[in-house]
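First chain written, first letter: the chains are A, B, C, D and E, and each begins at residue 1.
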Amino acid sequence: MEFTLKTFIFYGFALITIASAFAVVTVRNIVHAAFALMVTLFGVAGLYVFLQADFLAATQVIVYVGGILVLILFGVMMTSGRLEMRIHIERGQLLLGGGISLALLMLLLTVIANTPGWKNLTDDGTPLPPTTESIGNLILGEKFLLPFEVVSVLLLVALIGAALISRKEVRD
Amino acid sequence: MKPLENIPSLAYFTPEILLVIFAAAVIILDLLVKNRESQKVAYLALIGLGSALVAIIVTNSISASSEPVPLFWGMIQLDGFAVFFKILLLLATAATILFSLRSEELDAKLKGEYYALLLAVTFGMFLMASSTNLLMIFIALETVSLTSYILAGFLTHSPRSSEAAFKYITYGAVASGTMLFGLSLLFGMTGTGDLSEISDQLVILLAPEQETPLVTPLALLISITFILAGIGYKIASVPFHMWSPDVYEGAPIPITAFLSVASKAAGFALLLRFFYTGFADTKIMHSIDLGLLLAIVSALTMTIGNLAALPQQNVKRLLAYSSIAHGGYLLMGAVLLTSGNAAIVERGVGAIIFYLIVYFFMNLGAFYVVVLIANEAGTEMIDGYRGLSSRAPLVAGAMAIFLFSLTGIPILAGFFGKWILFTAVLEGKLYWLAFVGLINSVISLYYYARIVKVMYFEAAEDTDKLSFSKGTFALLSVFVVPTIFIGLLNIFYSLSGNIRLQ
Amino acid sequence: MLLSLIIFVPLLGMIVVLLLPRDSEELIKRVTLAFTLIPLALAVYLFIAYDRSDAGTQHAVSVPWIETFHINYHVGIDGLSVTLMLLTALLGPICVLASWRNIEKGIKAYMALFLLLETGMLGFFAALDLFLFFVFFELTLLPMYFLIGVWGGPRREYAAIKFFLYTLFGSVLMLVALIAVYLNSSIIPEERTFDIPTLISLAGETEHALADPTFQIWVFLGFFIGFAVKVPIFPFHTWLPDAHVEAPTAISVILAGVLLKMGTYGLVRINMAMFPEGMAFFTEVTEETGLWGYSLALLGFVNIVYGSFCALAQTDFKKLVAYSSIGHMGFVILGLAARNTMGVNGAILQMFNHGVISAMLFLLVGVLYDRAHHREINGFGGLGNRMPIYMGITTLAFMASLGLPGLSGFWGEALSLFGAFQEFEILAILSTIGIVVGAAYFLWTLQRVFLGKLNPKYEELPEINKREILTLVPLGILTIVLGVWPNFALDMFRESVAELTKLMGTFQAGL
Amino acid sequence: MVVSLISIILLAPLAAFVIFALLGLAKRSFPRQDLLSTLAMLVALGCSLYLIKEIVPKPDPHTVEWISLGNITLSMGFYLDSVTVIMLIVVTLVSSLVHIFSIGYMHGDPRYPRFFAYLSLFSFSMLFLVVSDNLLGIYIGWELVGLCSYLLIGFWFEKDSAANACKKAFLTTRVGDVGMFIGMMMLFTKFNTLSLYDGAQEGIFTQAAAQLTTGDMVWLSIAGILIFCGAIGKSAQMPLHTWLPDAMEGPTPVSALIHAATMVAAGVYLTARMFPILTATSSLVIAYVGGITAIVAATIAIVRFDIKRVLAYSTISQLGYMMLAIGAGSYVAGLFHLTTHAFFKALLFLGSGSVIHAFHAMHAHHDEDHTDEAAHEHDNHGLVHEHGSEIPPDQDMRNMGGLRKKMPITFITMLIATLSISGVPFIFSGFWSKDKILGGVLGRAMEWNSGHHYILFVIALCAAGITAFYMFRLIFMTFFGEPRNQEMHNMAHESPWTMTVPLIVLAALSFPAVNHLWFNKNNFKPPDQPHIQAPQHAYVSPDTKIAFSLFGLSEAEAAEEEGGKDTEQADKAHHAHEVAHNIAMVLSIIVAGLGILLSWLFYHRRRFSAESVATTFRPAYNLFWNKYYFDEFYDGVLVALTVWKSRLFAKFDLSIIDGIVNGVATITRKIFAAFIGFFDNRIVDGIVNRVAEVTWAAGGRIRRIQTGAIQTYLFVVLGGIVLIILIFRAL
Amino acid sequence: MSLQHYLVISSILFTLGIFAVLTRRNAISILMGIELILNSCNLNFAAFSRFVTPPENIDGQIIAIFGIVLAAAEAAVFLAIILAIYREFGSIRPDEVDTLKG
């Protein structure tokens, strides 16, 4: 694989994504973790761009960074009244968790490396047409209409539910 | 049959649509009625369920042919199997609503949202029972899960309820995340989301005549195990079961009942369809020993469920473990999916379906008694059941029947359920599994009988008679009578035998 | 039809009893008595009307039940079943009478459960469909559990759950075997069957899957353990003393009189008839079977000796009788292990006799317990003076139980031993130890309870009353009648046993 | 006719009992049960006597099929030959007399009616045993008489000694019965029938005869010995004799009827009945058992003071005699002795009963202080106290003496009996029967031609002498000398007529001449012996000189019959036995005389002191006094062993069986520990657990995983996933 | 930039998410871990959509979009529940929310 600017940027995004994700799981300050998560999410969005999934990348940024991350920050603020943000991790738990995660990673890497069908599929850089229109068609008119409608119900339910639960008292 | 497109599919989708409509209607009605008349909302929800039931029957009859009808471009499929589960789930929801009406812990909280959520979760379960696409499966699962989290945490003033919801969602989120990862791997291997296409693809990819199969068994194994985490968590099978005792204990009793019956049933519907449609081909089976995997999970599930139930003091928690164990029994039937013999698969599915019918009545019945006792005696602990036979003879008698049915004592329905399960398992030549199952039935006697013992053999400290309304007994008899008679009537056997996966 | 009537009249009685008001205790008792007398009358009729020369099934009814699994409601009787049904039906009213005064709480539930129990027992003996058979077998479990657990003695909970767990364990193994038989009854799923006569004839066909020796051995074992728990055969017996000691009198009577017989009846009806090869493996010493050939006879022997010696060591009257039951059931096993005409006839006779005698014994223990409120044998003494009639009946029962010729206990034991001797000389000889020890513990008990100086505590002990005598007299009469004229029972099942021995290939043509 | 007569004989006493039992159930009793029972017995007696006419040389059994199981038939029936009739008469006669005696003796007992009912039941059972033509019937009767014996020994069950004795009697005899039962099983297995005589199928005797000629006799010997085991128990032979002395706890009429005349003789009767199947080996065993019993029991009898126990040991000894006779082949002599013994021993018992009755009145007074007295006596002797039970004062010979004037009838009748049992020649029946036994034994010994077996004759002779000695000791101590206990003596009186009449009748029967009146009929024949065959039957002596011997004639016939087959051998045997009989007769007269003389010197003239002799031969005396320590042996070893075993089993039940159930997971540990537990109670106790302990523990452990912390759960989930993948990857 | 690259990245994200879920002592951190997991899944779908399926087939991408939406819904509910927990327990440390156990 030739080493071009594109690949350089790719690796850059990859590195940023992974590093920030690593930060998310390791930094002690939860607000820092939230910011690291934001970086990760951007990184992933970048990777989507590399995959020529433009709409997806946009959604990622809007929904995740604009929605979820904000939610998380709200959460942090609402639950950490006494700025109890530092997180203490026990060694045993850390080791065990690390072990399990590592084992999973090794398994996944083995699979990735050994699955013949996934080998040698490189991005030849051919530009693809923008996906937005076909996504719109698929979701609103064709195959993915049902999931779309269902998800809308789901969102409604989540909305009602979240409101229901986070309300202080339902009825007196 | 070619998948129907969106518009023609709608006709077959009426039940689900009705559920959503009524869910919305419930919320609106809730805004209109006064607080004290919240029962009206419940009745509206029940009407919704009733109309959905009618719709199910009608749509089922217009499809006429016994062939399954793929809908919405193959996202879901309407067939006898789905219809059965839909009816079962619908009835479970109806029962839950009725329980909720009589549950004092929920009393003050009952309002439109609750019923709307119940209808929504039913909607999600309907989809679980009929999905044939990876995406649809995941969305359906999430719909059910998210709604369940909320329902479990519905008692906002109760720490237990909140804790239950918290554990449930944490656990559920991780499990569904893992599952999604597994689904993505599966998608990556086959390049499609449609289950039957996945099956076809996998056969090609794994085909032995091809010199280098494009998919390694390990990849498939990891993918399936990850997916199993999501499904296993729904049906609370070991090792994905650990949320369920805590959640069952913390959640409002009607919701616990609902989770233990409906959620589990939906999970099984999903499991069966997923493995049957996607992985039933023997070639796939040979690449990874799925049968053994399921069998071990099944054996562990029932054993651990039963063993852990032994020392429980809280009836709800005890029943939670018991329902884990019953999940294990049901999984025995699922193991038969991998037998590669169509007749045996059919028996396995039939056995699961029959068992679910039985389980529906006996488990819901038991939970209903728990609701009643929690209302009247104000406790969920076994000690609170002391001397119940003299305080409330009919309720105690009903409870004894449910518990012995859960144990599998003839001539109660639970026995027949187990019997046809074991017959199927033995027919599939899984002798060790049958043996484990039977030993477990014996162990289970111990804790079920403990409740009976307390109710019957020990004297009550508080000797006041408990009084119940007529409606209570009527509802109770709705569960008692089938628990006694289902096994004795041929109709249920032929019914369950006729429902098959396609 | 008649048969179904017998089986379900008690069930009807249960429903009637449940509908009666809780407070009208006398009425409940009377109704129950009536509903147990009806089956008795019918059973007596059945007994008399039974065609003794016909070895086949009589009064058979077969109605499809669960067609999906080819289960029929198939009932019918042969000599063996009708005898045991008579025993069951007879013990029914006796037990009701025995419960007349000493059930203090919840008489309604008690009687209802009792009637349910009776249906289970009667149905069990009549069932000719393997599944039905199993269902009835298990149907006795629940009522028994409650009857012991609710109305039992101080350790009733333990006893009840122990009984339940043991029996359930056994029946679970039986269930596996039962399913295995069903699945192997035909390769074609549509032709599978639970019908006992059909299965028996299938098992007799060469080359049939059911006739495969290995299969038969395993399935035999499955059923055997199920029945062994019920009999109970050592080492599955430990539930029995506990259950007996804690159970109320009438329930002990039923337990010893009928429930134990269900185990041995099952052995005869299923294990011997359906799995002759399996039976042969455990009862016939050949090169192939080796020491396994001794196993069943050995179990019988162990039961006899073990039960007898344990009885000897007891100081609790009821426990003593309970262990004596274990010993006496050993003779049944020994007789069955012999597989020959004499052994099997003797075993069946012993079943019936033991049912009668042990029922008497438990009733007698109950009489004493109701008066003295304890059962410690050493705590009595000299009652013979105070209660001569009671002593007389007790002596009769004891003598019958220890195998005094002229009373019924003798014939069963003697025929079993005679039969067993022809096949297993040494074991049969060793088993006679049981006869001596049996005499020892009964006489010792008799001495400790009745002989010697009257314990001053019991100077005012009332003599056995009319109702109690009424419960004992029919049994006493049967004991004597059968002791003098065992053909009274033997006539019933002689031909059926001949059929059975033909199935097992041990039938010996007349000389 | 025969059948109906026998039926009457059987049913009359049975009816008497049934009436009692039925009324008893209704808490009533027949007002004159005594008369009812006595009447029943007299009817039976009459019928029995009438049956003499019905005896035919080769009778057919009257059988019905009792149990028929396809190829197997067990029939029941009657067989009526001379032996049967003699036994019937003996039983009914003695029984009738005892009934009459009891009317007086038992008068005033609170359970008076019951006593007669039991007697009736006993009579029925005994008669049933006698007339049965098959082993099954015999066994049934056999056990039933055992039951009656049990009931009657324990008649005064308030006495602990009686309660113990009846249990002991039943159990001890049952040990023997089991042997008999096994013997029956063997015979049945071989011959497929239990009938002795030919009926619908060939009986045991016919088949055994064939067996004896083919020569395979080992198992037949075993079977014979096993059947004899029954007789050992019932006839109180060594080593199962210990129950009989204890059985004296029963009322004295019972002792007379059951434990002297009839039931104990049933063993002899059985052995004689089974004579045709006895092989040489089994005969030898029988002879030795009988011989040893005869001498051992006689020696024990010497030192007893309880009048009834002396008689009891005497009975054992005499029964041993009869067994010896049968074992030696002269079964006719054995049966003859049985008959004579039945009468004189019944007489002796009834006489002693009369004495006891005489003393009985003060029994109540002296209940308190008799212990001291007895203790005092024992101090004098300085001997070990009698094992087990005190001697009741009214039975203690040391309290008696000089009664002959007070109770003349009792004295004279008992003296006659004593003379008879001692073998005083010619005018007393006992002499003849004993002499025949001695002759038979000697002849047999000569014929065996082996020095060892002469010992049997020596034993028999010694026993005869000792018998004479102790019997006269009894007479002297009781009736002669000065009254030792004046108070008791003063109150003694002759018994009422109901008691003396039977004594007189029995005394009359102790004279052979009287027997002759009704026994000497030509149509008497010994039991048919299908297989008369060398060597053991060859010597049967044609002792026709004793014309009034009740079996004499038939023996002659038998010998002739046999002689016809093998003249030479018969002649030889004939000769040997003639010699033997002459020698035996002389010797027996000498020893009897010697015994009486010694007794007179010791106990009447007081020329020698019994005490000094006892001191001189202390070890022997102790041995006799302690009855050869049989009881100690049984109590110490067998009973302890049994009880120990049952305890062990009970423990086993608790520890192992429950242990296994309890701990599936820890089976190995538990079994191991439980085995150790036999030796170490603490471990055993530690192991007894509640049901499902381990299962519970497992449940508890699973609970512990359920910590409540969500992350633990997640660990399980993800760890589980990893594990599943790893495991299945390896697969 | 082959498929394997993306897969490796997503695998690392996934395991990091798992690690967070297992070890973080704060409910919100767990939520972040879950988001990482879901992101890795979405990345997978997108990557497979790009490399495995034909170019005109964008099913994978659409699934990823749905994944994002679902993640949002889940996060909302999750946070609501965290708030409830905070209200009832005064803490959002998962190990302190352990009244239900055994």
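Please note the rule applied: a contact is a pair of C-beta atoms (placed from the backbone, for glycine too) under 8 Å apart; a residue touches a chain by one contact, two chains touch by 3 or more.
Computed from a predicted model, the values in this text were never measured in an experiment.
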Exercise. So which chains count as neighbours of both subunit B and subunit C?
Worked result: D
Exercise. Which chains are joined by the largest number of contacting C-beta pairs?
Worked result: A-E
Problem set entry | Chain whose mean Cα position lies farthest from subunit D | A
For this session: Compare the CA centroid of subunit C with every other chain's and tell me the farthest one.
Result: A
Problem set entry | Nearest-to-centre chain - CA centroid comparison | C
Problem set entry | Whole-Å gap between the CA centroids of subunit B and subunit E | 26
Seminar exercise, completed: Between subunit A and subunit C, the Cα-mean centres are separated in Å by 71
Exercise. Just how far, in Å, is the C-alpha centre of subunit D from the one of subunit A?
Worked result: 102
Seminar exercise, completed: In whole angstrom, the CA-centroid distance of subunit C from subunit D equals 37
Exercise. What parts of subunit A, by residue number, touch at least two of the other chains?
Worked result: 93, 96-97, 100, 104, 107-108, 117-118, 143-144, 147, 151, 154, 158, 161-162, 164-165, 168
For this session: For subunit B, write out the residues touching at least two other chains, lowest number first.
Result: 135, 139, 142, 146, 149-150, 153, 156, 162, 165-167, 170, 174, 178, 185, 188, 218, 222, 245-246, 311, 446
For this session: For subunit C, jot down the residues that touch at least 2 other chains.
Result: 161, 165
Exercise. What chain pairs are in touch here?
Worked result: A-B, A-D, A-E, B-C, B-D, B-E, C-D, D-E
Exercise. What does subunit E use to touch subunit D in their complex?
Worked result: 18, 21-23, 94-95, 97-102
Problem set entry | Residues of subunit E that touch subunit B when the two form their complex | 7, 14, 17-18, 21, 27, 30-31, 34, 37-38, 40-41, 44-45, 47-48, 52-53, 57, 59-60, 62-63, 66-67, 70, 73-74, 77-78, 81-82, 84-85, 87-89, 94, 97-102
Exercise. Which part of subunit C faces subunit D closely enough to touch in the complex?
Worked result: 158, 161-162, 165, 235, 237-238, 241, 306, 309-314, 341-342, 345, 382, 384-385, 388-389, 392, 395, 399, 404-406, 410-411, 414-415, 417-418, 421-422, 425, 428-429, 432-433, 435-437, 439-440, 443-444, 446-447, 450-454, 463, 469, 473, 486-487, 490, 494, 497-498, 507-511
Seminar exercise, completed: In the complex, subunit B touches subunit A at residues 6, 9, 20, 27, 35, 71-76, 108-109, 111, 113, 116-117, 120, 123-124, 127, 135-136, 139-140, 142-143, 146-147, 149-150, 153-154, 156-157, 162, 165, 185, 188-189, 205, 212-216, 218-219, 222
For this session: Report the residues of subunit A in contact with subunit E in the complex, numbered from low to high.
Result: 1, 6-7, 10, 14, 17-18, 21-22, 24-25, 30, 33-34, 37, 40-41, 44, 47-48, 50-53, 55-56, 59-60, 63-64, 67-68, 71-72, 74-76, 78-79, 87-89, 93-94, 96-98, 100-102, 104-105, 108-109, 112-113, 117-123, 126, 128, 131, 134-135, 138-139, 143-144, 147-148, 151, 154-155, 158-159, 161-166, 168
